[in-house]
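The structure is given below, and queries will be raised subsequently.
Order of writing sets the chain letters: A, B, C and D. Residues in each chain are counted from 1.
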Amino acid sequence: MKKIAVYTSGGDAPGMNACIRAIVRGAVFHGVEVYGIIRGYNGMIKGDIIPLNSQSVSNIIQRGGTVLKSARSKEFMTPEGRKKAYDQLKSRGIEGLVAIGGNGTFTGAEIFYNEYKIPTVGAPGTIDNDLYGTDYTIGYDTAVNTALDAIDKIRDTADSHDRVFFIEVMGRDSGYIAIQCGIAGGAESVMIPENLSPVSDVVKTLKQGFSRAKSSSIVVVAEGDEEGNAQKVAAKIKKQMDEEVDIRVTTLGHIQRGGAPTAYDRILASRLGLGALEGLLRGEKNVMAGVVNNRLVYTPFHDTITKKKPVADDLLRMVHILSV
Amino acid sequence: MKKIAVYTSGGDAPGMNACIRAIVRGAVFHGVEVYGIIRGYNGMIKGDIIPLNSQSVSNIIQRGGTVLKSARSKEFMTPEGRKKAYDQLKSRGIEGLVAIGGNGTFTGAEIFYNEYKIPTVGAPGTIDNDLYGTDYTIGYDTAVNTALDAIDKIRDTADSHDRVFFIEVMGRDSGYIAIQCGIAGGAESVMIPENLSPVSDVVKTLKQGFSRAKSSSIVVVAEGDEEGNAQKVAAKIKKQMDEEVDIRVTTLGHIQRGGAPTAYDRILASRLGLGALEGLLRGEKNVMAGVVNNRLVYTPFHDTITKKKPVADDLLRMVHILSV
Amino acid sequence: MKKIAVYTSGGDAPGMNACIRAIVRGAVFHGVEVYGIIRGYNGMIKGDIIPLNSQSVSNIIQRGGTVLKSARSKEFMTPEGRKKAYDQLKSRGIEGLVAIGGNGTFTGAEIFYNEYKIPTVGAPGTIDNDLYGTDYTIGYDTAVNTALDAIDKIRDTADSHDRVFFIEVMGRDSGYIAIQCGIAGGAESVMIPENLSPVSDVVKTLKQGFSRAKSSSIVVVAEGDEEGNAQKVAAKIKKQMDEEVDIRVTTLGHIQRGGAPTAYDRILASRLGLGALEGLLRGEKNVMAGVVNNRLVYTPFHDTITKKKPVADDLLRMVHILSV
Amino acid sequence: MKKIAVYTSGGDAPGMNACIRAIVRGAVFHGVEVYGIIRGYNGMIKGDIIPLNSQSVSNIIQRGGTVLKSARSKEFMTPEGRKKAYDQLKSRGIEGLVAIGGNGTFTGAEIFYNEYKIPTVGAPGTIDNDLYGTDYTIGYDTAVNTALDAIDKIRDTADSHDRVFFIEVMGRDSGYIAIQCGIAGGAESVMIPENLSPVSDVVKTLKQGFSRAKSSSIVVVAEGDEEGNAQKVAAKIKKQMDEEVDIRVTTLGHIQRGGAPTAYDRILASRLGLGALEGLLRGEKNVMAGVVNNRLVYTPFHDTITKKKPVADDLLRMVHILSV
C-alpha cells in the first residue's frame, strides 16, 4: 500500500486533530503517501482531497475541532454518490482509507467497503463513548472534563442560593458522559437512558438530602433520558416535592464538543490513529481500532455499529453511595 | 464605630468572597468587631448573624459564590420585616453595615437607611456590570472570561461544521457581557438591549460573511435583547437567510455565575471591600463604593439605582470593524 | 469492624480529597464509624484524630491538596513512635485503617501492620504513577494535564521566538509524567530515568528537526533523568549543537501537585477509596487497592513497594514516530 | 497613506495576535493595503515581508504568541542595518508602520523614525506592564492570571504540608505582575524592585503569621527584586527564621508568556491596535497608543522609554492589610 487517505465525519470531537496528526506522521514514517479528504464523504464525492505531509499537521495536536472539517452527506447514502466517491479515490490511486468518526461514519464505511473493497480502518472519534469495541472514544475524556468544569461552577452558585440544579449533558443514546461527570461532580442523582431512574427515585434522594440539611443539590441528566430532557424532568420533579424548592435548569450544549483535548484524549487519539494506520498497512480492513484493557484491538465495523456497550453497574452504585 | 456587619444579597458573583475577606481583614486591621449576616436580609430578620475574624476568611479569596450565602427576602419589603431586622442589629450593638450586591440590594439598603439611620456603605457585586457609579462591578470580568471560554470552544465545532451559532449570554437589561465577549470572541455580530441591532442588520452581516467565504459565524445575544432571546432571534434570522445555513443555538446559563474569580475581580473586590469599609469608618453612609477611572469614589445609593451607565459606543464600532 | 480511621501521608496529590470523601461516605453507608487522622503518622502518634461524618466531606471532591493534611514523621520510623501510635488508636477503639499515599506511606503501613496487626488497606495517592499494583495512581492524570497546559503555553512562546525549550517535569524515579505529557504536548524528545536516551540521541533529533525547517522544539525531561536535570542536560546539548540555537529551560515544579482534580482522578479516587474501604470491611489487610485493566485488585503492600512497574515501550516508540 | 506594515518585536505577549488582527482588519476597513513583517527588525532588513488580508488573521484572536514571530536584531542597531530596512520598505512603497512591542521595540522605532521619517505608531505589547503612557499593556492581564492560577495550585500543596513557598514571577525591572498576583493570590508578602521590602520585614510578617497559627504562607517575589531572586531571598530568610520552617521555591518562568489571552487582553489589544492604526492614518507619528483612565491617548516614544510608571502605593498597602 503506497497511497492512503484520511477523513473525519459525523460530529466533531476534541482529539480528532491529534488523531489526524498521528496518521499523517505515521504514514510519513512508513514511507506511505497520505491525503486528507475535506468534509468527510462530501469531499470524497466532490474530490476535495489534498496531499498532506509532516508539516501540514504541525501545531494541531492541541486544537479542538478537525482541520479536515466534517459534514453530513446525503449523497453518499445513494449508490450514485458512492460511485462518484470511488472514482475520485481511484483516479488518485488511493489504496486505503482511515475513517475517524462514530456510528454513522462506520455505517457508511462498511457499505462502501462491501461495494468497492477499498480497505478501510476506523478510529473511534465521538464524545459520547457509545461505540462497542473500545473502552474509550476520542473526545470523551475532554467532554467529561468540560462538563465537569461547568458543574463545578454551577455548584458555586447552587450553594450560595440553596438551589437544586438540573444539568443536561450530551449523550442521546448513552449515559456515559452523565454518569462520569455525575460522580466526579458529586451529583446527588444521575438520570441516564440505560437505566430506569424514575422521577420518583430522584424525588426520594432529594428529599432525603433536604432532611439531612443539604442545602443544594445537583442532578445530572443525559439528553436522551427516557424521562425526557432536563427541562421536562425538572418540571415533573418540582410537582412532587412537598416543600418549596428553588429549582433551576441548565443545558450545557455545544461547549462539550470543543476545547483543547485533555492529555488522555491526545494520547488515545495518537495511539488509535497510529494503530488504525499500521493495521491498515498490515492488511486490516473493515474494522475499527480500539483500546480494550489498555490493549489495541480491531473490531469489525459491523459489531461496532450493532453491539451495545453497557455502562458499568458499579458506577451507578457509586453515585448512590457517595451522595449519602 | 466599634461593631459592624457585612452581608451579600441578590444574585451571587465571583469575587464576593474576596470582598468579604477584605472587609473582615480591614475591620480586624482597624480594630473593629465584625459580624457576618447569613442569607442577606433574610438572615438580618432572623438574626442569623455570626462573628467573623481573620481566620474565618482564610482560603476563600479564590472561591466562587459567597460563604455568607444569598437569598431574596419578601419580608424585608415590609415595614414589619425591616423592624425585626433593625431589632436584631440593635440587640447586638451593630453600628454600621457593608452591603455587597446589586440594584435590589441597594434599593433595600436605601429604604432601610432612611428608616433606621444605620450607616450603610455598598460594594457593587453583580456579574452584569450595570451599576452606575463604578466602571466595573465585582464578578463581571470573571463572567466575561467564562463566557469567552465557552465561545472559544463553540468556535472549534462551528468551524468544523461550517455552522452559524447564536450564543446567549447573561444580561437581562444590559449588554455589557455580550459586547465584551463578542469582541473578545471574534463574533460576527452582537445583539444587546441598549442598541437597536435589528435582525435585518445581522442578516446582512452574515450574508456578507458567506460571500467572503467565511464558513462559520458567531452571533452573541444578550438574554435581554429587545428582539427576543437567542432561540427566537435565531428562528427569525433563519427565515431571512436565502441559502441553507446550519444554525445552532446555545444558552450559556448559570456557568457564568460561578468559578474562581479572575485576578482582576479579586483585586477589584479587595479594593472595593476595603474602600467600602474604610468609607464607613470615616463617616460615609447611604452610598456605594465604586472605581471610576481607577479612583475610588462613593455614589449615593439613589443614583446607583436610578441612573443608567451607557455601553461605550466605540465598542459597538469595534465589533463592526473587526468582523470585516 | 465498627470503627475505622483514614489518613493521608507523603506528598499530596489532587484527588486525595475525593478519596477521603468516598471512604467516609462509604463508611456511613455501611454503618461504620469513621475518624480522620491529621498529618499522617505524625497525627497518629500525637492523637490528632477527629470524628468524620457525611457532611465533613461535603464540597471537597473538587479541591486539590488534602483536608487531612500530610507530613513526614521521623518518630514513626522508631519502635517507640509506633507504640505511641498504636496506643492512640487502641484507646479510641479503632479497628482498621485506610492509608492514602505512596511508597513511603505503605512502607510505614506494612511495618506497623506486622507489629500491631491492625488491618490496613491502602489507596495509591501520588502524582508519579510509580506504584506497582495499579495502572493509575490518584493525582497522576491531573499532574499530567497541569504539565501539559504549561507545555502548551510554552509552545506559544517557543514558536514565536524559534527557540528550543527543555521543560522539566516531576518524577524522581519514574518517567510516567514525562512520557505522557511529552506525547500529548507534541514534544520532539523525552528524557526519562527508565530509558537510556543519551544526550547524543536528543542532539540528533533536534538537528533533524532543524534540517526540516522546524523552528521550535520541546524536550521534556523527567527530574530524575540519569543525564541530570533539565538545566544540566540543556547545557550539555547546547555544546553539541553546531549552529547557534536559542535554548531555554523551565522547571515546572510544585504547580504539578495542586489544582482541582480532573474527572478521571476524581472517579479513580472515589473508586479506589470505596474499594479500599469495602476491602477492609471484607477482611483484606496489608494490601493496596488498585485498578488493573479496569478491574479492582488488591496487591500486598510488600509488592507495591518492591516491584517495579515498567513504562510501556510503545509510548517511547510513539514519541519517536510522531516527532518526524 | 495607502500602504502600511505591521510587526511584532521583543518578548512575545498574549494578545499580540488580537492586536495584529485589529490592525489588519482596520486597514481593510479603511481601504489601506497592509503588510506583515516577519521577525521584527530582522525581517525588515531581510525583506521578509508578506501581504495580509482579512482572512490572514481569521481565527487568531484566541492564540498566544505572535503569528508574525519575533526576534532580536543586532544588525538593526547599526546604521547599515537600518539603511537596508529602509530600502526594503521603500522598494515596496510602504508609507507607515505599526510596531507592537515594548521598550526595546520603541527605542529602535524612535531611532529609525528620526533617520528616515517613516511615520510609526506603537502599540504596547509586553507582559511586564512597565511602559509609561498606558495604564495596561497587552499581555499583562493574561500573565497575571496565569501566574495566579499557578499560585492557587501551589497554595493547595502549601496548605497540605504547612509550608512556606517563595514564588518567583516575571518582571525584571517592575513589580506589576508580582503585586497583582500577590494581592489576588492572598500572598502574605510581596517583594518587588520598586519597593525596599527588606528581608527583615518579610521575616517579621512570616513570624506573625506563625504566631497566629497560619500554617502555610506564600511570598511572591519579582524576578528583579533588589534582594536577589527567589532562591537567594528564600535562603536568606530561612536563616532568620527561629523555628524550623519547611521552605520551598518555585520559579514560574516562561508559562507566563503563553496561553490564550484573557478577555481583557483581547479587547485591549483590539482597541490599541485599531487606535494605533487610525492614529497613523490621521497623521500621528513617533508615538505609542495607550489607554489612560479608559481613554485612548498617544505618548511620544521618547517618553514611553525614559519615563517611569510607578506601582500604586495603595496596592502595597492592601497586601499589608489583607494578610493580617
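Of note:
In this text, a residue touches a chain if its C-beta (ideal position, glycine included) is under 8 Å from a C-beta of that chain, and two chains touch if they have at least 3 such contacts.
Keep in mind it's a predicted model, so treat the numbers as computed, not measured.
Ranked by distance of CA centroids from chain A, the top chain is D. Between the CA-based centres of chain A and chain D the separation comes to 40 Å, rounded to the whole angstrom.
Chain centres here are Cα means. That of chain C falls 35 Å from that of chain D.
Residue positions 152, 155, 159 of chain D each touch two or more of the other chains. In this structure, the chains touch in the following pairs: A-B, A-C, B-D, C-D.
Listed in rising order, the residues of chain C touching chain A in the complex are 21-22, 25-26, 28-29, 54-55, 58-59, 61-62, 135, 141, 144-145, 148, 152, 155, 159, 180-181, 183-186, 212-214, 260, 262-264, 266-267, 270-271, 274, 293-294, 314-315, 318, 321-324. Partner chain B is touched in their complex by these residues of chain A: 8, 12, 14, 63-66, 69-71, 146, 150, 152-157, 159-162, 165, 248, 250-255, 257-259.
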